[in-house]
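Below, each structure is written out as structure tokens.
Same chain, two partners: chain A is paired with chain B first, then with chain C.
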Partner chain A sequence: MGNILVLAEHRQGALRDISYEMMALAPKLAEDMGCEVTVLLVGSKMDDLAKKMAAYGSKVLVVDDPLFENFNAEKYQKVLSALIDDLKPAVVMTGQTAQGVDFIPALAVEKNLPLVAEAISLEYANGTLKATRQLYSGKVNATVAFKPADTYLVTIREGVVEPPDAAADGAVEKVDSPLKDDLTYRSFVEYIEAEVGDVDITQSDTLVAVGRGLKEDKNLSIIEELAQAIRADIAGSRAATDAGWIPHDRQVGTSGKSVKPKLYIAMGISGAFQHVAGMKGAKTVVAINKDPEAPIFTVADYAIVDDMFKVVPKLIEKLKELKG
Partner chain B sequence: MSTESQTFTEKYDLLGCIQCGRCTGGCPVTVRADLNVRRFVYDAYYEEKLDELARLAEIWDCTACHTCAVRCPKGLKPLEVLLGLRTMIIESGKVEPTVRDALQSVLLEGNPWEKSRAARSDWMEGLDVKIAEPGVPVENLFFVCCTIAYDPRVKSIARNIVGLLNKSGVDYAFLDESETCCGSEVFTLGEEGLFEMLVEDNTELLNEYTAKRLVCLSPHCFTTYKTRYPDLKAEVIHYTQLLVELLEEGKLNWKGDLQKTIVYHDPCYLGKQSNVYDEPRTLLKNIPGVKMVEFERSRERSLCCEGGGGKMWVESESKKERLAETRIKDAKALEADIVAVACPFCVLTLEDAMKSLGYEEEMRVAEIMELLGEFVEA
Partner chain C sequence: MKMFVCIKYVPDTSEAEVKVNPDGVTVDSSRFSFDINDADNYAVEESVLIKEAKEGDVTVVSIGPKKSDVMIRMAMAKGCDQAVRIEDDRIAGHDPLMVAKALAAAIKGQEFDLVLTGCMASDDGHMSTGVALAEELGVNHASMVKKVEVLDGKVRAHRELEGGLLEVVELELPAVLTIQTGINEPRYAPIRGIRQAQKKELKVVSLDDLGVDPASVGSDASMVVLEELYIPEVESSAEFIEGEAEEKAEKLASILVKGGLV
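Moving on to the complex of A and B:
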């Protein structure tokens, strides 16, 4: 049986977390399958990154060539395709990332190999490889079995396992690039970085959202204090962003962002249908509003009918007390 | 829809434009955004420029109010050039998630609000509503609208009219959960393919009910059915037109005494786009104790509230005062107690503006049907 080939992902000279996370899953699977893990790095000037990946105890293969200075799905597909022919790996594992999903499906079609996307765990027993993946926004875990093949392709969801501790150093081996000439169908243009300091509220676990009830800019300081105490990001209703209290990219609602935090604290937000539509994915909703008739209470799990400026200082006080 | 058989220039009759600029001159959005629709009509003539034009953020500032079309001396519809550019963006898939989700929801659930189709008639709860049956002739078949059916703030428009219809004895019926989005916002967001599908499906569905008239509660559905559904058998009217008939037949009995000053805001889709200006005013005038005042910009010159044209799902980059706030300030200057409208979107935008300006204690935004619900006798 061939090895498990883990494609380590990197961007702008740094390894991505998913590369380490896969090293938490691959060795256990290799043990069950009775094979070993081989890490693959494709890029240019890979010496440092190769050393970092080798610290997890597995052999690291490096395809080091200026042609791979920037990620290019077309080139990656060619390299993987050639290495699958050469190495005949039992499994090719990549991240379910913008990079991974850019070439793995095409590779699966090209080589006619089975692919399971976005697995959260893998198991091998009685000659069958099975992957667990989530359905219905994570409400259901489904275990799917691969149909028998020489090589299985799988992408791993980001952030589902903790990276392991470094182990003994593995060997680093350079292999010749299977790609001799540049491919020009797709070319790298530029990296566009998100503005520094920007918070993507669609990814926040905890959100403190304010509305028209904030009344004025200077009242934001107490909200910031609360947000800090519970490690929340601050968002706002359309009224709050219109007033300039909250940046427009933090507007929740049908004309703003749809958010799905674990906790959403709505303060001074009446809860217009168009706002509620943007936060209906929140797991727990706490609403603070003076008006007992405010529609926000119809979607709240916890309702506090009072002035937010009375409630928030008490909340902060209590939080401080609990934290000792 | 593919435009292979027709170039952009042919489809929007760009060569018919004489570049007089009345479109941009009258465009209400220019007050707060850098939208120059005349310029778009000019530039769109150059096919090689279309991609670049479609990427300009201001194409999403248009509210599809149709002021430009009303004012065009050549009878063109300059706004549709902007919608055509939106279509290019939609077809390329580079679309805001909010727009994507709204369109997907129309496709899957028949409404843009990401609500379940099964909940579409929940607004009827506790009411005695006559439900239409295919093949059973009915005089007035009602079309509720996605926003009225799902948004709790404007549900009362539908609930109140049911009460009124039951009292008046008119022959009417409502659709059940099978009612599906008319596609007004789908069309203005530029999703031509989905809109064509809706036209086909809705035409088939609505023609199954042998209705003499299709009565729409929202001006958006009203204008869309009237102007973009060529094969619909029923005559399409707005509910204010039906109620004026009832008024003239003496079937509306008023009660109480309102003693308020009302200013009526002409919704673009009802006024400019469908020429219904008088019926809403007639109904309001007849509420006992009402004093009517008029905006300086009224009827054909009415200021858009910015609720249409897909703007419920797209924000302008402009930070300048919303037109709805300008409108509410004008109402305040007229010392109006009530800003009356005949459109669910106008209720939402104007009421929001009223709250933002802090006038909620002294002023009220109300849909005509909300007021009639309070002042028509049992």
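Moving on to the complex of A and C:
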């Protein structure tokens, strides 16, 4: 059987957390499958990053070429395609990240290989690889089995496991780039950094966060009143920023900010993992949601199942009274 | 600009309990209200904005049941020109690679500059269909797009990465773009548009009509098997505050104040 090929992800000179997280899943799976883990790094000037990945004990293959100075989905697809032919890996594992989603499905179609996207766990038993993934924003889990194939493609959700401790140094081996010339049909232009706003919510001690449950713009005034009463800053879910109720730089989550306030009050937020990933560092979490099944309650310390608009006015009144 | 936009009719499960049917592989969606997938709504708006700026023509493509016609008419009311709805139970809907193949069959052979999809469907959430579709069509793509600039023979796409960082890429047309929410402000359908939409063409086709061998997009062709759906155990260590709404508010206020949290 071929190996498990883990594509380590990096951006702007640094490895991304998902690279380490996959090293918590891949070795266990390799053991069950009776194979080994090979890490793949594709980039330019990769020596330092290769060393860092090698510290997890597996062999690291490096495609190190100026052609890969910036991520390019088409180039990555070409490299993976060639390496799948050469190495015949049993599994190709990447993150379900902005990188992974941008080329893995195309690779699956090109090579006619099965894909399970955004696995949260993997299991190999009796010759069958199975993945667990989530549907309906985390309200339903699915077990998906791969039919036998030469190579299984699987992408892993970010943040589902802790990175392991470094083990022993694995060997680093350079491989020639399967791609020789630059592409003309897709090119990287530039990165644009996220906007900075008037308040840096990553530094806030107290955050009052709203989601789609706010329903409309004009309902923000009562939230502002609450925020004022407890000297909190206002943040929100992607649904709240998309709707224009609060500024984009106040979005909490994977595509927004990671916050770590002492108190986080989530109102009308369902708790999609992309949101939770950005606020699970909060010390105390209060969640108010009228749906008792809302995933946000799994990360809450104090929970209120009710209509936020029935709770908040009294909450403000009582807070003012108690705080004098 | 000749464009296609792929839209999916999805249940709104945000405020409701989801139950798995006795077959173990589908959910009971009888009590849910359905609507256009969030990201697809932005894709429709983006296609209409491009059409308004550059002139052109937008065809809606959707795989789904008859009841999704209301969604399709709504997209046409906003400015899309015609629609194709694929209705066929033989498509393995759990596998985005099969869905992409079926969508491709409705587009292949026609000229186009852009195909827009949503970046993620809120029910299955594979984030895979659009990029797989691009490969099926043999064209360029960019995923998770938060801004589109159509240039001469090219498109400049701003991809949204983690942390809100944008990656700007340039693609030669034709291309598939998977659209991320928040890229624009989806309009409400104007009354006049709603009336006009009734007269626009909505073709309903089967795999046979598309010349697709049903075996090539069915569960036999799919290389993954959906074995089981189940409701994950909700492990909450939260203290649930009970009572009438006002009581709960009062209790929470005391907890916050006494705990020194505010």
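Definition applied: the second predicted complex is superposed on the first by the 197 of 324 C-alpha atoms of A that agree within 3 Å, B and C clash if a C-alpha of one lies under 4 Å from a C-alpha of the other, contacts with A are read in each partner's own complex, and residues count from 1 in each chain.
Keep this in mind: a contact is a pair of C-beta atoms (placed from the backbone, for glycine too) under 8 Å apart; a residue touches a chain by one contact, two chains touch by 3 or more.
Remember, predicted model here, so these are calculated numbers, not experimental data.
So in the superposed three-chain picture, is A:312 touching just chain B, just chain C, both, or none of them (first/second/both/neither)?
second
After superposition on the shared chain, which partner residues are touched by A:11: those of chain B (first), chain C (second), both, or neither?
A:11 sits against chain C, while chain B stays out of touch.
Given the superposition on chain A, which partner contacts more residues in chain A: chain B or chain C?
When the residues of chain A touched by each partner are counted, C comes out ahead.
If we overlay the two complexes on their shared chain A, which of chain B and chain C does A:206 touch? Say first, second, both or neither.
second
Looking at the overlay, what does A:256 touch: chain B (first), chain C (second), both, or neither?
The answer is both, since A:256 touches chain B and chain C.
Quick one: classify A:248 as touching chain B (first), chain C (second), both or neither.
both
On chain A, what residues does chain B touch that chain C touches as well?
212, 238-239, 242, 244, 248, 251, 254-257, 270, 295, 298.
Quick one: in the complex, what on chain C touches chain A?
For this pair, the touching residues of chain C are 11, 13-18, 20, 27, 94, 96-97, 100, 119, 122-132, 134-136, 140-144, 156, 158-172, 181-182, 185, 222-232, 234-241, 245-246, 248-250, 252-257, 259, 261-262.
Please output the residues of chain A touching chain B within their complex, sorted ascending.
Touch list, chain A to chain B: 212, 238-239, 242-244, 248, 251, 254-258, 270, 272-274, 277, 280, 295, 298.
Can you name the residues of chain B that touch chain A in the complex?
Contacts found on chain B: 97-98, 101-102, 113-114, 150-153, 311-315, 319, 322, 348, 352, 355-356.
Which of the residues in chain A end up touching chain C in this complex?
Those residues of chain A that touch chain C are 11, 16, 70-74, 96-98, 101-106, 108-110, 113-118, 130, 134-147, 149, 158, 184-195, 206, 212, 230-231, 238-239, 241-242, 244, 248-249, 251, 254-257, 262-263, 270, 284, 286-287, 290-293, 295, 297-298, 300-307, 310-315, 317-319, 321-323.
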